[in-house]
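Presented sequentially are two complexes of subunit A, the first with subunit B as partner and the second with subunit C.
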Partner chain A sequence: MSESNATAISDPVGYINHHLTNMSSGTLGEGSVIDFSVFHIDVFLVSLLLALGLGYLGWKVGKSLDADKPTGAQNVLEMLVEFVNQQIKDIFPTADKWVGPLALTIFSWVFLMNAMDLLPVDLVPSLVGGIASLFGADPHHVYFKVVPTTNLDTTFALALLVFGLIVFYNIKHKGVWGYTKMFLFHPFGKFLIPVNIIMTLIEEIAKPVSLGLRLFGNMFAGELLFLLIALLAFSVWTMPAQIALGTLWAIFHILVITLQAFIFMLLTIVYLGLASQSADEH
Partner chain B sequence: MDASVVAQIMSSTAIGVGIILAAAGLGSALGWGLICSKFIEGIARQPEMRAQLTGQMLFTGGLMEAFPMIVLGISMWFIFANPFIGAAKAALGAG
Partner chain C sequence: MNVTATLIGQVIVFSILIWFIKATMWEPILNTLEDRKKRIADGLAASEEGLKAQEVAADEAKATIADAKQQAAEIIAKAKSRDTQMIDEAKAKAVEEAERIMVGAQAEIDQEVNRAKDGLRKQVSALAIAGASKIVGKEIDANVHKNALKDLIAQI
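Then we have the complex of A and B:
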């Protein structure tokens, strides 16, 4: 433990780089953003565990629903479901029955994944490093990033899924010809078809790109700031500053976490609502 | 690939990132300022709408933070995984 602190004090860039590396099989090529040969084990494990935990909680509470005397967990989950339902009714009243569960899953899963950012920065990587050293690996080369949404993979996976659903809902409600008509004749008339195609294409592609990048950017910036605040403890006299700043930033980050999960869910509902409008309402 | 080339690329990247972050911070602050000023105006006109307006303010604020965050992400990419170094290495190694 003290060894890793000494490393932090003497080599801040190395400390930050160590905490920004994923536990992955294979290494990313230098300067490349997309590399399909790399698999991030830590992102997969944490998101899987959170999803399984969420599913188990839902199943357990759903099994013993009591309409007359609801218990604590049931109350919380009912509040959540009513909240999401209210948003859907406000924005997209003619939603079919799958939009509600989708929005609820997105909100709660993204919120839980974001909330892993509130754990102390060194906690899980040190634990994993300790366990790895029991098996003989060098703890300095064992990396573990605990927040899945600080990885472009996770946020873009969610965003691309929503994009696939947008295309599916468009085709289901407008038909293939209605969907292509939207590309060809909006926003200008039929004499400017190339311009229409370009503008509608940009609008459609901007939806998943902005969804993914917004969540990634917020979470990455938050994590980076936590790391920089952790580096403030280079001497005993600066520790009160680190504790104060860390607490303030963590409190503000609670708001950011909830807000980003809420925005992701709300935008999903809005986009699906837009996609479900029949052609003449557009 | 000698040290002076790397130093030049790194210093140009650093200056570029500084300008990028300044612009992102400025845009974000101005955007939030506009949103919150309209929010306060709205509360002054209709105090009973405060709860709804708060929700909407936070939501649009988060939406508008998207582009400064994207810009921040790109600048962090330049710092931590500088693509220019890779490109220069390839060009110098081949040449």
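Then we have the complex of A and C:
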């Protein structure tokens, strides 16, 4: 605590940078946006652990369902399933057996990954640093970013799969020709085909990009604010401010993480619902 | 802010998770909810039916009770008539028995009277012979005066 505080006070930029650096295999090249030689171990590990936990919970509850006497976790999951299913029924034009699990997975998994934001900012990095120093590594060069959704990889992985499904559903429900027609004649009719193509292309690509960036931006900003609040602890006199602001932001952040998970889920349903409309409904 | 190979891993994890949640949780829970909905509907329908059946049964019970009451009244009436009949029969039997006893007694009396008469006759004949022999002064042979004795006896 005192050591990390000391670093934080003497070098706030270094402190924040340390917290914003991933534990990675390979090093990022300067200026490159896409670099597939790098793999963020921490992001993958945390999201995988949360996925496993979620899967375990689902499996555990799912194998011992009781229609007459629902208990504890079953109640919660039933409520969640009914809630998601209701959203889908309200929005989705056709019955589809995959959109429900997809929406539920997005909501619960994103919620869990976002919820990692509520862990104290120094907790996991110092823990991992401490463990690494047992093996002789310098804790200042051991990085660990706990919140997977503050990383573009995670949010774009979700958004990309959703994008793929949007294309798939479009072709499934409109046919290849119907989907092509949507690019050619939408939104301005047959006399402005080049403009139509550009407009629709932008519209379609904006969907996954906005999905991914919205979640990433919100979570990244939240994380950064937590770091800044943590930096307030530079003297005993500012501790109350740190505690008060930290508490306030954490409480507010409960709303943000739930809302972002919900928005991601809802937009996914909306996009897929639009994709599932047949061509003449457009 | 880079996109890295982690993206691929995340897509794979995400896909597997969707499939897993669908198989282990989403479908079973929806089935359970559907099942519960159906059971509740069935239960309500069954209770409705039960109420109807209860009404029918109540009506039936009323009819049965009325029937039973009527039968009971009939049985009581029958029993009453049989009662008087039995009393009459018993009276008649008693009268008959009394008559029979009276007749028997009369017969016995008659018999007794006859027997007394017989005894008297025998004694009369003996007395007559004894009286006569006293008067006459000598013994009289009964056989000689057989006919006279017989007449005497017959007169009693």
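As a convention for this text, the second predicted complex is superposed on the first by the 279 of 282 C-alpha atoms of A that agree within 3 Å, B and C clash if a C-alpha of one lies under 4 Å from a C-alpha of the other, contacts with A are read in each partner's own complex, and residues count from 1 in each chain.
Criterion: a contact is a pair of C-beta atoms (placed from the backbone, for glycine too) under 8 Å apart; a residue touches a chain by one contact, two chains touch by 3 or more.
Only a predicted model underlies this, so the values are computations on that prediction, with no experimental measurement involved.
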Query = With subunit A superposed, do subunit B and subunit C clash or fit?
reply = fit
Inquiry  = Between subunit B and subunit C, whom does A:Pro194 touch in the aligned arrangement: first, second, both, or neither?
reply    = neither
Query = Which partner, once the models are overlaid, touches more of subunit A's residues, subunit C or subunit B?
reply = C
Query = Counting only touches as set out at the top, which of subunit B and subunit C does A:Pro93 meet: first, second, both, neither?
reply = neither
Remark   = After superposition on A, vertex subunit A (C-alpha centre) with arms to subunit B and subunit C, in degrees to the nearest 10, comes to 130
Request  = Could you look at A:Asn218 and tell me whether it touches subunit B, subunit C, both or neither (first, second, both, neither)?
outcome  = first
Query = Of the partners subunit B and subunit C, which touch A:Gly136 in the superposed model: first, second, both, neither?
reply = neither
Message = Tell me the contact category for A:Leu259 with respect to subunit B and subunit C: first, second, both or neither.
response = first
Inquiry  = Contacts for A:Gly72 in the overlay, against subunit B (first) and subunit C (second): which applies, first, second, both or neither?
reply    = neither
Remark   = Distance floor for C-alpha atoms, subunit B against subunit C, superposed on A, in Å, equals 7
Common interface residues of subunit A - those touching subunit B in one complex and subunit C in the other = 28, 32-33
Key: Of all residues in subunit B, those that touch subunit A in their complex   = 58-59, 62-63, 65-66, 68-73, 76-77, 80-87, 89
Query = How about subunit C: which of its residues touch subunit A in the complex?
reply = 1-11, 13-22, 24-30, 32-33, 35-36, 39
Request  = Can you check the complex and tell me which residues of subunit A touch subunit C?
outcome  = 24, 28, 32-40, 43-44, 47-48, 51, 54-55, 58-59, 61-63, 65-68, 74, 77-78, 81-82, 85, 97-98, 100-102, 104-105, 108-109, 148, 151-154, 156-158, 160-161
Note = Within their complex, subunit A touches subunit B through residues 17, 20, 28-33, 210, 213-214, 216-218, 220-221, 224, 259-260, 262-263, 266-267
